[in-house]
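Residue numbering begins at 1 within each chain, and the chains themselves are lettered A, B, C and D in the order written.
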Amino acid sequence: MLKLEGDIRIPAGCAIAAVLNRSGQRFDGSTIIASIATMHKRSNGLGGGFAAYGVYPQYRDHYALHIFYDDAGAQQMCERYLMHHFRITEREPVPVRYTRKIARAPLIWRYFALPREDSLSRQQLGEEDFVAAVVMTINSDLGGAYVVSSGRNMAAFKGEGYPEDIGEFFRLEEYQAYLWTAHGRFPTNTPGWWGGAHPFTLLNWSVVHNGEISSYSTNRRYLEMYGYKISLQTDTEVIAYAFDFLMRKEGLSLEDAIDVIAAPFWSKLDRERQARLRRRYASLLLNGPFSIIVATNNGLIAVNDRIKLRPLVAASRNEYLYVASEEAAIRAVAPVLDRTWSPGGGEPVIGLLHNQEGLLEAPSTGLETNARSA
Amino acid sequence: MRVQSNPEYCLGCGLCRLYCAAAHDGYDGNLLKAFKRGTPQPRADLIVRNDKSWLNTCRHCHNAPCINACLTGALQKDDQGIVFIDSQRCVGCFTCVMVCPFGHIQPSRDSYRVVKCDLCRDQKGIPACVSFCPNGALSLTEEVETR
Amino acid sequence: MRYVIIGNCIAAAGAVEGIRSYDQKGEITIIDGERRGCYSRPLISYLLAGSKGAAGLHYRSEAFFARNQARVIPARAVRIDPPAGQLELDDGMMIDYDRLLLATGASPLIPELPGIEHPRVKTLYTWKDAEEIAALVETGATAVILGSGLIGLKAAEALHQRGMKVVIVEKQEQILPRLLSPWSATIALRHLQEQGIQVLTGHQAVSISESGEVELDHGAKIPAQLVIVAVGNRPNQSLAREAGLKTGKGIIVNQYLQTSDPDIWAAGDVIETHNILSGAAEVMALLPLAHLEGYLAGCNMAGQAVRYPGAIFLNAVHFMGMHIIAAGEPNRSGTVLQWQQGSSSLEMTIDGDYLLRYIAINLPGITGPLTAIVEQQIRIELKEWQEFIREPSMASLPAAYWAEMRRWEEHGGLRCG
Amino acid sequence: MTLSLLTPAFSVGRNEERCIRCGVCVNQCINQVHHLDEDGFMWVTEKNCVGCHRCAVLCPTQALTITRFPLDFRPNQYWSADSLREIYRQAESGGVLLTGMGNPRPYRSYFDHLLLNASQVTNPSIDPLREPMELTTYLGDHSAGLSEAEKPLLKLEIPVMFSAMSYGAVSLNVQKSLARAAREMVTYWNTGEGGLHDEVKEYADCTIVQVASGRFGVSPDYLNNAAAIEIKIGQGAKPGIGGHLPAEKVSPGVAQTRMIPAWSDAISPAPHHDIYSIEDLAQLIETIKVATDFQKPVAVKVAAVHNISAIASGIVRAGADIVAIDGFRGATGAAPLRIRDNIGIPIEMAIAQVDQRLRDEGIRPKASLVSAGGIRNSADVVKILALGADAVYIGTAALVALGCHLCQTCFTGRCNWGIATTDRQLSKRLNPEIGAMRAINLLKAWEHEIKEMMGGMGINAVDSLRGNRLMLKGIGLEQHELDLLGVSPAGA
């Protein structure tokens, strides 16, 4: 019997792409679909997905929970759990377009929700920590339910299939967003499970990723020490958590976070702070070949592993920033560009909305350490 | 250039003498041939005194007294500064033995000539005693000759 | 600079090496009176014995002189004219010099005896002598050797090897009187006798008859095919004397080996050498000294100021399988230590904390250090020597000696320049 | 004296066609196994042979062979030859059986049941000859936040250190060799409980000084003349018992360094008599930190015993910056044989459990974990790091590099290799220049191999290997063992 993502670690090769309008002007999903479709051959039809920011302005304060259910029973159980912790303003199935190219789709629902005050105070957690904990509990403990995305004014759309077919299935041309990321997957096993597709998200974080993190177990065991429940056994999940831990919990700047996950070699460090970061967060160095795009409502960052073992190209044109595994994927949607470049290993491409200074809304100032140490 | 002996690390095992003997007189480093079939002759003596031992090596002196004293011109210095003996010319008068203040030069086993360290100048590589010393007590130094 | 060396011998070779150590350009001219090239005198007995060919006699080859750009003139010097800086040769040629070295050596002493002019009475001092003696060798006939010094014994060995019956006549009560003590001489004598050499000590020849019969002082007569006179040598200092240089038993030089004429140096058997142990100036006709003196004189002629501290008597001789090595001062007395085992023996004379002299028979291995101890006057207590003499070997040499050797290695200090 | 029932342990063979009577075997064997008389006749006293191979290695004609003495008992699976011989020994001596080095019994070695991973297709392996490969490791308390002052850390360029071996147990030349090698390779050597000899004080920057129950040589100067201080509670070869350096090994040099009278027994008590509980340890750690002005990390070394996880957790909470755990294969200069062979647990289990326990408690960043005892090669290093250690100590491997042949008779002080001895003549046999070179070569060789293995995994920093149990698969292990080690079986 084939094992599902989460039961076993499945390495994968991939295509990634992202388009950002730095002024915050929204555009529909056809652009990103056209871009990722160019790299059809980089995926094998076993996974595709998108993250979109700015899609739910009407519920910008709500957590938009997109959830896959295996069946109605799972949905019932999960919804009972959700009600317990959230006030749900709106609940509906995610609109899809059934085509022959997409099969075995789960039940896909979305909820616009706010944490219940009583539940929040009972847990003695910050709001975001609370939401994250609920998401992780659903994903690890509630069989048949899987939270696809849980951020505000954002959503992830993913499933088994080529990314362009997934885009068509989710009717992405009907959504408007200022930031789109996309992923086409080439897993080396057939999980046949939609949760395994990218992007992987937590709160506002989304990660699309091409590569294999050889340091997976080291990274994972470190994050587990801080309460992260790793349910998917995917690198992407670990990357998302690593960013969440470093930036949201530890309050690191984006630059610092990059210096942790793609730390420069000891011999190339030019600032004592980089050395200090390496010493403190040695276990969060992402080792092995990867190119990733990490996005939040504020923008994106794309980065390679420190010796650039996977492709990554960036380009800009006016207000638009493009990132992709291949330049062709950018040219396909923006034939005329101001600038294209191939960032070096560990050298991030950062794209932020004009009014933002970091990937997080309000960078936490508290430099708390050892969140759970005794 | 000379072989320097460090009593600090000399074990007194005597391997230097064995390999020295086998490196000369045409034994070509073959210990068994030298000691089972031949009459091997080490070129330097191992001195064992109380708790110390060392190989009494040639200092290859500048203006060497042995060369000055040699009746026949058998003792010579080559271009590298190695004091060596042309055995064909040696008559075994032992005048050199008498004037070597270090007692390095010694009569050959048959007493018809003398033998001394030639830093294995006929062999390739570093002197046999140095390369086979098991404890690094012997070293080939470039240090200026004793004056 | 024009350097001229009179005599083509050991000292001359040393002088060439000394001069060339500091002066690559100056002209060097060597006056070779014997016209035999630079050969080693001690080797002529091997020539006589037939164990060495003529080719093996050379101390330094012609190539050596060529390499050092030293011109060798086969002629004898007959007169020096110091004010003119000139030298006259026996062929009438005049040679100019800026710096002159007298290395004229020595000649055998010839006692005044009736019949000493007999054609079969020879000395063994030069290559030519050896050739002449060789022509007279007759197997089975008797050779009488007057004197049991080094030359006498080497002649005895050579003639014995050529099949002659050899009789040594020694005026003193022991053989090798200048080298050995009575005790060690007895050991050496026994060895000679065992080898079939007849030795008559305490006697001297009084005449040699027409037929070659040697008559001794107690009336005995020995019919001899060959008589070798080996009763001692004397420096060849007539050239120096005639040139007005200061002379004594030999040419007198200062510690830079310079004669009373500042442009003339002297070295080798012809000079008086400072005896470190006795403090006296003596003629010390020893080959190792000849080379060293020549070398130092050469250095000084080339403008250096290297002192020659003097020397000690030292000699290594072997005959008929016996090796005798002795060094030091025979004329001073002290505590005598003796050791004997098999054919080997050692005798040491110690004065206070200083070794004065040693005589080693068939025990060559340790003599180098002993020579150094005598010569450098390394202070070693008597009781250490008493310990050493129980089993003399390199390993049992007193600690003070090894300490001194270490000091030499670390700080330099060998006497040799 | 009555007849001894003990037959020789080894048989010494001499090939007469090769023996040239050079006498090297005679002059090299301190146990007087070989004899040569003036007539050139040679014979051997085999009962003296400990199987150290000094003679065979130095024999210039390879004329010697050392084999087990070929005298078999009637086969008996239960009463082995060794068990009979041990009884004979005790029946003759009436004493505790003494031995040296580590536990040789055939207990399961988990290292030999773990396999490493390598990259194929889905990610590229990295060629260490072409790409940088980092082994830089920092040991100590990493928990300080970025806004706080960083705690003192030890920097290692290779995660391999030299285990504690005291001057007295080993010769000064061993310490000099290891100290030089440590400096060259940017790692650390450990004084053991024997004080710090004047001649190795210059290596302070790469020295870990030990404070153990005997407190030998401990002074403020001693503590400050080091990069770190290690409190030794116990060691893997003999957990629960103290140390005993026999008087014969307490030479004047050892005596001065340990601050005790010469030629007297040096006894380290079984416990520290000021540590009867964990809070006492906390006080000692604090005291040492105060004495060194909080400038140096403090390590605590314990033997891997049954409840090691709880012990390690307590040690971390007591303020230790480094926890060194010594497994049951750890070696010693002298230990009672029954203790060495029967006490403690495997280091692989101990590290796996302690690492997980400290993570579960969220205190893993507060201390580094050093694995000691039984690391034989670079693969063992890689495996133990993947299980969760930050670095390893090597003792036996280092001594073997210096020439040790594991004859297990260190306690006699008559080590033919100049290692486990304080005898001047024997100590000479280890020239520290050669010793240092050999130790450096060993570490360099391991460094290359570790980098090759990491490169194969697609990892270019040792940080990413640490605790990376996905890189391990168990082979031939029971499920409960796999669970304890936190690895999955090969093929799964």
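By our rule, a residue touches a chain if its C-beta (ideal position, glycine included) is under 8 Å from a C-beta of that chain, and two chains touch if they have at least 3 such contacts.
From a predicted model like this one, the values you see are computed outputs, not experimental measurements.
When you average the Cα atoms of each chain and compare centres, the chain farthest from chain A turns out to be C. Between B-C and B-D, more contacting C-beta pairs join the chains of B-C. With centres defined as mean CA coordinates, chain B is found 78 Å away from chain A. Chain B and chain C, compared by their mean Cα positions, are separated by 28 Å. Taking each chain's centre as the mean of its C-alpha atoms, chain B lies 43 Å from chain D.
Between the Cα centres of chain A and chain C there is a gap of 103 Å.
The multi-chain contact residues of chain C, meaning those touching 2 or more other chains, do not exist; every residue touches at most one other chain. Multi-chain contact residues of chain B, defined as those touching 2 or more other chains: none present.
Chain contacts: chain A has no residue touching two or more partner chains. Each chain pair that touches appears in this list: A-D, B-C, B-D. Within the complex formed with chain A, the residues of chain D that make contact are 119, 122-124, 126, 131-132, 134, 136, 138, 142-148, 150, 153, 317, 359-366, 457-461, 463-471. Those residues of chain C whose C-beta lies close enough to touch chain B in the complex are 14, 40, 42-43, 46, 52, 56, 58-61, 287-288, 291-292, 295, 314-318, 321, 323, 325, 327, 364-369, 371-372, 376, 394-397, 402, 405, 408-409, 412-417.
Chain D makes touch with chain B in their complex at residues 17-18, 20-24, 27-28, 58, 60-61, 424-425, 428-431, 433-434.
Those residues of chain B that touch chain C in the shared complex are 45, 47-49, 56, 59, 61-65, 68-69, 71-73, 89, 91-95, 97-107, 111, 146-147.
On the chain A side of its complex with chain D, the touching residues are 9, 11-13, 188, 211-212, 214-219, 221-222, 224-226, 250, 252, 263, 265-267, 273, 276-280, 282-283, 285, 287-289, 306-307, 309, 367-370, 372-374.
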